[in-house]
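In the two assemblies presented below, chain A is common to both, partnered first by chain B and then by chain C.
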Partner chain A sequence: MAQQSILIVDDSSLARMMVRNIVSQTFPDWQIIEAANADDGLAKVKNQPVSVALLDFNMPGMNGIDLAAKLLELSPDMGIHLVTANIQDTMRQRAEAMGIGFIKKPVSKDDIVRIMGGGR
Partner chain B sequence: MSDIESYNNLLQEFLLEGVALIDLIERGLLELEANPDNRALIGDVFRHMHTVKGNCMMLGFSRLEAVTHSAENVLERLREGTIMMNGEIGTALLSVVDCVRSSFKSIETTGKEAEADFSDQIDRLNLIHSCSNDEHGESPFCKLDLSESGQSETTAASKFNSEESSLNLESVTLPMSRVNSLMTIVGTVLVTFNQLRYCINQNSGDYRQLLDAMELQTQDLHEEVLKYRLQPLGHVFNTYHRLVRELAAHSGKKVYLHLAGEKTEVDRAVLLSLKNILGHLIRNSIDHGIEAPETRLASGKSAIGKIELSGRQQHGNIYIDIKDDGAGIDVAKVKEKAVGIGLVSTAAAESMDEAAAFNLIFEPGFSTAELVSNISGRGMGMDVVKKTIEKAGGTLSISSASGRGTTFSICIPQSMAIVPVLVVRSMGEQFALPQANVVELISFYGREVRENIEMRMHSSAMVKCRGRLLPLIRLTEALGQCGGMPLLSKNECHVVLLRSEEEEFGLEVDGAEELASLVAKPLARIFSDVHVLSASAVMPDGTVSFILNVTEIRKESICIDDQNEGGL
Partner chain C sequence: MELDELEQDALKEFFNMGLGMAADSLSRMVKKEILLSLPQLAVVDHRDAVALVDNKGNEQLVAVRQIFLGDLCGTALLIFPGGKSLELVRTLLGDDVPLETLTELEQDTLLDVGNVILNAFLSSFTQMMTIEFEFEAAEFLKADCNSLLDISAHKLSCPKADKIDNSQAFFLMMDFKTAEDELKHNSLRGYVVLLFSEQAMIKLKQEIARIISGL
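Presenting the complex of A and B:
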């Protein structure tokens, strides 16, 4: 089976580091792709199939929801989750309308197992 | 990697990133004190504070989290524009920067955050934050109640009003400086009024000059108050995320709602009248435009349908587009349905071009309010949508490409409270034409009448104007007034050249009186079926009359012509 990969997009290097730590401990086989903003994230997955993506909402430039829309255009099967500290109703509604999941910061090991557990 | 080692790595990353962000925040705040209107910078500072807060939360520094959270709340208000940056707010936010920095130092040396609970800073920030939504708060802002007893509320029967309160269109927050400038203008008006009274009582001095001055001052007052009535489109746009979510969940479709131009400002009355209409058009896009995810994938599209809601302002008009990337309108199906329900004959349908076929959608009876859902209440027919926009002096048009999507475009006046008009006479009564529609005035005397006006079949007329032949409509006929003299036997003939929806035509009136600015009042309900009237108003001579809807005058006269032809 080809190696699976997860995309982590967050402008906070600490936030990326925490998710990376959990993923590398829990699913050591997965390839981890990190990006600090949406454009960087899009560029990195262009030629690289990704099965799961964790996106921060508040980022410089494009926000997480707009990035999710672009990612789903590239690959409709990607499992996308918005990671955010405070979930506003509007944000939740927008994500739900698009069929995107939610994870509250800080990301826990349980969250990661839940979304990556079955491969995807 | 051991847990301790990994924790130390995290802590190091936390400090590295945190110190950099706090520096950026400090620099931003200082620059904002000099440039309080720099929206992009406010956005940056907000986001950095948000990241700092998130990072503190992730590592469990709860006291730091609390103080940065309060700061984030205040920054959010600044970003929304509900409060304005001032010295007091700047100082409060900069004190947070100091707190966070000293606590970072403590974390660096001891691994723990400082013991201080920052309650002074938090209280101060919370006070600023609460003042922005509490009208009793002692803030440098005041609130105006702008409630108007049910004029726009009656436009459409929809239950999509549950969020009316959260929209907060009923009150506005004003900086004290704006109230003061209002007071200054009122002061100058009073001074002029006193001079005017003296001038008239004593019969000395030039009252005309004073009248002119007063007119200018009243215009200033009008412009100032108008500014308060303007609200960003975003207030309404943002409520549709909920609607889209419910509709998407209900239909099993996936929809991405993209907003643009939310900062475009319109009069709150216009905003209220748009609210239900836009909701209906979005509903329409999801119900009829956006395809199911499987269908979209099969036709090579992204599974997620996209609806773009965008607004912009130009020449006193607001343009709003509702654009979807759905299936588009099937012209053949539209024609089929129109023939089926007896709107047009088969022959007429066949000869119809695409644009004309799209317009069938707006015919009464074509799209009925058949769908009643628990989400948005009873939808209105597309004919009602179009009529409502036209009542407000706007237009609705449609464009669509099969397989690629549909765009509804609305153009509506930014404000409908005060309308510059040309007052005209017809059968001894006064009517007002919006100056926005008036191109020019032409008068013919004696022989010129016969030389420049041509009669066609069915008593329709044409007028020569700068080498062009344009349709001529008689105001008496458009208003259903009887007893006018036949056009060609007139000794003088006054024509107002009007433009509506890119088309020009002449309107024959008994006389043009003057230019004026009228305060438009909504029509009494008994006139709601008289489409050629758009509002009532008090005329300069004190009588009450109507502002006419130029678009409707042209349309109704075309209808009459069509009927006449059908009768042959």
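Presenting the complex of A and C:
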């Protein structure tokens, strides 16, 4: 089976490091792809299939919701989750309406196991 | 306080988490979504902090103060510039409340809002740190910008050996903006300012370094 990969898009390097740390400890076989903004994230998945994407909402340039829409167009099977400190109900509802997951920052090991445990 | 790029990034991310929690609390109170911009964070001295608070003229600013003590000693201020505080009170109490009533209720309402927002902010800001601190009761203040941002004016009850660091303040700007405000180009801007004691600044830097080194 081909190696599975996860895309982490967040403008905060600390936030990316925190997720990377949990993923590499819990799922050492997964390849981790990082991007600091939406455009970079899109460019990186064009030639590389990704099973799971964790997207920050509030980033300079394109936000996580708009990025999620573009990723879904590219790859409808991708397991996409919005990862944000903005925990207002409206934000959660927006994610639900798009059929993507919603994770409150800071990301915990339980969150990662929940979304990646099933292989996506 | 000297911070390298990663430490600054970490501080910004903690502020971001604090802001998200504060906006969620405010959104529940006004029953509307609060639009959040990217947090604007600056570690500045007193003079620059005064310059950053958009204080047109020398009018009195309305603020809610929450002093905290323990491992972190300092004060958190929620400042409403330019008469915007009454607009927030109106948003909270509804348009049909007469102006006199609004003015009467201003102090109590802002105290409630300030208490909720500052508690949500600080609890979330420090959630990854191994520190303990307590809050004193929130207070309502009206003062000019210069004295509001002067940490020595806040009579903090820090341990005696702990000097107050007047040279630097953490400064965070947040907009309290609903979708309707955005359409009307109307912004209920508020500022969250954290003023720390010298020991608190050192503790904060240690905590940031500890969290980063664990990654």
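Quick notes
As a convention for this text, the second predicted complex is superposed on the first by the 120 of 120 C-alpha atoms of A that agree within 3 Å, B and C clash if a C-alpha of one lies under 4 Å from a C-alpha of the other, contacts with A are read in each partner's own complex, and residues count from 1 in each chain.
Please note the rule applied: a residue touches a chain if its C-beta (ideal position, glycine included) is under 8 Å from a C-beta of that chain, and two chains touch if they have at least 3 such contacts.
These figures come from a predicted structure and were not determined experimentally.
On the superposed chain A, the positions of chain B and chain C overlap enough to count as a clash. Contacts of A:N58 after superposition: both chain B and chain C are touched. Applying the stated contact rule after C-alpha superposition, one finds that A:A15 touches each of chain B and chain C. Of the two partner chains placed by the overlay, only chain B lies in contact with A:A69; chain C stays clear of it.
When the two complexes are overlaid, the chain among chain B and chain C that reaches more residues of chain A is B. Applying the stated contact rule after C-alpha superposition, one finds that A:I87 touches chain C and leaves chain B untouched. Of the two partner chains placed around the shared chain by superposition, neither chain B nor chain C is touched by A:Q48. By the document's definition of touching, neither partner reaches A:S108: not chain B, not chain C. On chain A, the surface patch touched by chain B in one complex and by chain C in the other comprises residues 12-15, 17-18, 21, 58-60, 85, 89-90, 105-106. On chain B, the positions that touch chain A within their shared complex are 6, 9-10, 13-14, 16-17, 44, 47, 50-51, 53-55, 57-59, 238, 241-242, 244-245, 247-249, 254-258, 293, 297, 302-304, 306.
For chain A in complex with chain B, the residues that touch the partner chain are 11-15, 17-18, 21, 58-60, 65-66, 69, 72-73, 76, 85, 89-90, 93-94, 96-99, 105-106. Against chain C, the residues of chain A that register as touching in their complex are 12-15, 17-18, 20-21, 58-60, 84-91, 105-106. Chain C meets chain A in the complex at residues 6, 9-10, 12-13, 16-17, 19-21, 23-24, 27, 33-34, 36, 38, 124, 127-128, 211-212, 215.
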